[in-house]
Amino acid sequence: MAKLPLIFTVNGTEQAEFVDGDALLVDVLRDKLGMTGTRVGCGQGTCGACTILIDGAPALSCLTLAVSANGKDVTTVEGLAMGGTLHALQTAFADGFATQCGFCTSGMLVAAKALLDRNPDPDRDAVVDAISGNICRCTGYEPIINAILAAAADLRSAKSA
Amino acid sequence: MAKARGRGVAAVNYPTGMNLGGDPSQALVHATTTGNFVVSLSSTDLGQGLKTVMTQICAEAIGVPPEMVIIDTADTDTGPHCMGTFASRGTHRIGNAIIMAAKEARKVLMDVAADELEVSADDLETDGKGAIHVKGVPSRSIPVFEVALAAHFKHGKTVSGRGIFMQTRSFPDPETGKMVPATTYAHACTIAEVEVDTETGEVEVLSLKSAYEVGHALNPKMVEQQIVGGAWMGMSHALYETTEPYYPDRAHGPLDFNEYLMPGPGDVPAMEGVILERPSQDGPFGAKGVGEMTANSPIPAIANAIFDAVGIRVDSLPITPEKVLRGILAQAASPQPAE
Amino acid sequence: MALDIVRADSVGQAASMLAGDDGARFLAGGTFLVRAMTAGDVSIRKVVLSDGLGLDRIALGDTIEIGSAVTMAQVQAEPGLGFLHPVAESIGGPAVRSMATVGGNLFARSPYGDFAVALLALGASVVSEGADSEASQDLEAFLSEGPKRGRIVRAVRFAAPAEGAFRYRKITRKHPHGASVLSIAALLPVSGGKVSGARVAYGAMAPRPMRAKAVEAALEGTPLDAAAIAAAAAAAAEGTAPEDDPQASAWYRRAVLPVHLGRLLSGEES
Amino acid sequence: MEHVRAFFAAERGDDGKAVGTSLARSDALGHVTGQTQFYADRQFPGMLHLKMVRSPHDHARIRSIDTSEAEKLPGVVRVITHKDVPANVYTILRLIQVEPNDEPVLAEDKVRFKGEQIVAILAESEAIAREAVAKVKVDYEVLPAVFDVEEALEPGAPLVNEYHGNNYFTYEGHHCRRVRHGNVEKGFAEADHVIEERYQSSPIEHAPVETTGCIVVPEANGRLTCYSNTQALFFTLDNAGLILNVPFQKLRLIGGTVGGGFGGKVDVITEPVAMLAAMLTGRPVKYAYSREEEMQVSSPRAAERIYIKDGVMNDGRIVARQVRLYVDAGAYSRHSPYGTTKASAHMPGPYTIPNVSVDAHCVYTNRTPSSAMRGFGVTIGDFALEVQMDKLARLVGMDPIAFRIRNAYRDGDMKAHGELTKGAALVETMQAAAQLAGWPLSAEDTAASSMKAGG
């Protein structure tokens, strides 16, 4: 079976690869592009650790065939920090002790970014919904919810400043 | 909609370490010529923050800031033996080993500093900021970096130390069970408040209010992480989790996170906690192991709160809505006086 | 071994690609199909992609048509489908919702398929296309007869419900989203103070979404008062065939169904 | 989270510079940027994928194994059975003399739980390995299975594990771990009330978001480097050396950054097979549990059944406690014999009771072997004990906290396992929690202290 071309944008940079038909997007990101920040926790779409943005919408890269990403704009956790400056979410997670083992963190951050890009002033319920597809076994979620709310507030005040 | 509220309490203690298996861990500490201290271990960080707290322990024991400590861990070629990360032993065992190693390294450091400053080592102290000075005379000072350089290039000394913590293994008496299972005990008490839907058996945990006695919270925010995450896991054990929902029948074992039930972010109760410290006599700076304990007290506290709410005892875990509802229906069918 | 990926120019062509090939599957959101591949379903040899076939459109009006490749997130983003927003949101987290499709949901087994439950209550029909023919089938018949090889679901179509006539609730162990203990959708048009044309459907009360016809009968032609709700609750479990699974036992599902139905009908906050 | 400094102030120094402060986690920036490197984030050219043929039966004799069709599949590099394992039968805790060896790395003539590993397939891709797994034919004779801990101990129950000869772990000649303190029968005879209650749990999965796994790389110098998410590097190294019958010098474990453990990654399951596979093929090998395997094949927290019989006085003193505890070890020992002893040591809870008897049984059944988990040997016991305490308090008409303070251990009290209590703080945590929750306590209970006897 011939390899298939995949041309897409990852974190603002165009990438071109040849992939197998059954290649998963997460495997292309991790194994071909070396972006291992996107984690695989289940391969079933039930843990959210592999969450990325495709054209701005959250998606599960473990359930996405790589060829489906052709022509799309993909954002991974590696794309959150801009020019060496951490995204407010990243700062809030670190400062707020919202990470423990760190394995769910990438997916949580990306899921949270999808929310804040759409809704800069979310209430707690909106934050809870945003991470409802992401499993964390360490933190009890509360520090993560608080960190996202804090980041949203930071972003709003930075904007109004 | 019929809702009943109740409150329940539970108090527990938790053993640190695995004395019943023998429990050694080692640490090696050495100063590089850049004035940093490398702690060599073969210990694992599961996410609880072992690398961070070991940094703090080494920094405290040598008297330097944490930025001058490098944790090099989990390579069996370079790290000395560690039994492993379990039994709430990491902070206590490995921490003690680091203190022992750090003290030995500190002695060399102070001796070299004494030579450099031409005073007695007994007259020196560390400032915790990267320098050593004569007690009471901060101006007569030398950076740790320069001491490390001098030790290597001028005095031919290694600023290094070896540490081990070993708890003698306890073999239980086969007849009486006489044994020494742990070195120290942490404590916790949780008061849970629940609301039970009396028509469906669904239980909502409204709040978990707890006190934890942890010996010494070496990093309070990381202790809090264990407390909040552990309380969530306890609630999860109490009401949700099983790999065999029809135990002892093996059918319908969950295969994914949709089927393996755990509370979601929308189920998190209000959590309040306070920390008490009764230093452990044998712990590093008085610390005890608390990572495991935090999950334990919420479970019976929630079970007792459910009884307080609806008068139903569910003595098997997890306490599913079905078990609660069956209890409520049985109670309605043949009312029993409360216990 | 390797998977053959093909694109079709039309739905008809895609259908013909599927018709003659046991190893071929039509890929919608991937939440079922790609997972099955990863889990080791080696029977899948060819995937026909659904993008570019125009299946991701929503048409509003007296009759509403939702393309089979429309995602839950698209449903949520469409103000004209406000009554379906709670249904779409209940399907899963945002990432699942931006992948999972309306068409895919029709093929889900208990305890999944809650969007199909809503469509069943709405009286939807399923528009499908084979190699050379388009057909429309009642969703209830579609669910009971099962998918047919060589036919692709193009869309679902239903009459727009009257304002406030559609209700939905999903009971889960995990919050805010999880698999169903059960779900209930109801279309309760009221005419002259009486329910007229009631349709009630359940999820996770049978292997596939099902109609609650005894409940519909109990409600039909009556005001939605306490007596009618009690009668409906009494008839709630009729015809159900729930399964034991990790979410709940069949016993529990039957036991609480009347309670949740009663709450839905009486308009209690869920 | 507030520190309540009023308690034990005299025993504390509170003068640390680096300790006692909330230093930022050293791993936090790695976590939030995705740069933290877990074992699976390393890549090696030519890496093979290992997938396992597993038992579909709870208990069965293996008549034959036919791997020929799997071996013919293009991309399959090697098939491994028990015959390839130098010292196939092991038990993890032999390192601390908890024996006998009772578990095959790969099943030989029998499988004892559903999901047991039988044949390892090594292939160029995961997909090929999965396909090859489906092509291995194993001929089974299904045997009767036992799933209930008490049924397993009855005469005539199916024998789960021949290496033990019966369905329980033997503790120095005893069928259970025993703790004896005072005389419980005398205590029951003197008690105003005697009640016995039964508690039960079912198995619980650790469910770390990162599944258990490893990558093994053969080095040019003949050694094997194993990148693993084990919780205990030397447990793994030592057991693997014994299983592979190679000098320990040949093995190197690298780990230390783990995506959640909770006790589940103390087992030594993936590494020895992956190391053997790397030795046999000369290529890097990855063996990672799928989520399904993590859920159903990896060791869970054991189910426990606990009977607690208590004698209590009308004034609230517990005078006797008898505990019968059954740990459902599943088919193999793993860490359960140790956890059962730990469970016995934890009884009768943090309370001073003059007469205590504990029989803690480690029982074999045909289910997934259980092993260590957060709160090993304690968590389920605490559930049983603390629900029992609530029942007792109501039985004698006392406030549940007051009842616990009445019985709470104090410094100097003798524990059932023959150790003097020191550093107790149970009373104080109850006082602090009561204050936090607005739970009223009497003046006497408010003044109680762990540092003095008698409340």
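All chains are identified by letter, namely A, B, C and D, in their written order; residue positions are counted from 1 within each chain.
Note that in this section contacts are C-beta pairs under 8 Å (C-beta built on N, C-alpha and C of every residue); 3 or more make two chains touch, one makes a residue touch a chain.
Note that the coordinates shown come from a computational prediction; the quantities given were computed from them, not determined experimentally.
Participant: Which pair, A-D or C-D, has more C-beta contacts?
Facilitator: Of A-D and C-D, it is A-D that has more C-beta pairs in contact.
Participant: Return the distance between the CA-based centres of chain A and chain D, expressed in whole Å.
Facilitator: That pair's centroid distance is 33 Å.
Participant: For chain C and chain D, let me know how many angstrom lie between their CA-based centres, rounded off.
Facilitator: The computed centroid separation for chain C versus chain D comes out at 42 Å.
Participant: Taking the mean of the C-alpha atoms as each chain's centre, how many Å separate chain B from chain C?
Facilitator: Each chain's C-alpha centroid was found; their separation is 47 Å.
Participant: What is the distance in Å between the mean C-alpha positions of chain A and chain B?
Facilitator: Taking the average C-alpha coordinate of chain A and of chain B, the gap between them is 30 Å.
Participant: Enumerate the residues of chain C that touch no fewer than two other chains.
Facilitator: 1, 37, 39, 176-177
Participant: Two-or-more-chain contact residues of chain D, please, as numbers and ranges.
Facilitator: Correct list: 22, 24-25, 27, 127, 207, 258-262, 290-292.
Participant: Which residues does chain B have that touch at least 2 chains other than itself?
Facilitator: 46-47, 49, 221-222, 224, 230, 233, 245, 253-260, 262, 264-266
Participant: Given which chains touch which, is the overall layout a line, a ring, a star, complete, or other?
Facilitator: complete
Participant: Which residues of chain A touch chain D once you look at their complex with the stated criterion?
Facilitator: Chain A residues touching chain D: 22, 30-31, 34-44, 46-47, 49, 76-78, 80-81, 86, 89-91, 93-95, 97, 99-106, 109, 135-138.
Participant: Would you mind writing out the residues of chain C in touch with chain A in their complex?
Facilitator: Chain C reaches chain A through residues 1-5, 27, 29-31, 34-35, 37-39, 47, 49, 51, 73, 89, 92-96, 98-99, 176-177.
Participant: In their shared complex, at which residues does chain D touch chain A?
Facilitator: Interface residues on chain D, with respect to chain A: 22, 24-25, 27-38, 40-41, 43, 127, 206-211, 258-262, 290-291.
Participant: Can you list the chain B residues touching chain C in their complex?
Facilitator: 1, 199-201, 240, 245-246, 251-254, 258-267, 320-322, 325, 329
Participant: Give every residue of chain A touching chain B within the complex, in rising order.
Facilitator: Per the touch definition, chain A meets chain B at residues 42, 44, 46-47, 97, 100-103, 125, 127-129, 131-132, 135, 137-145.
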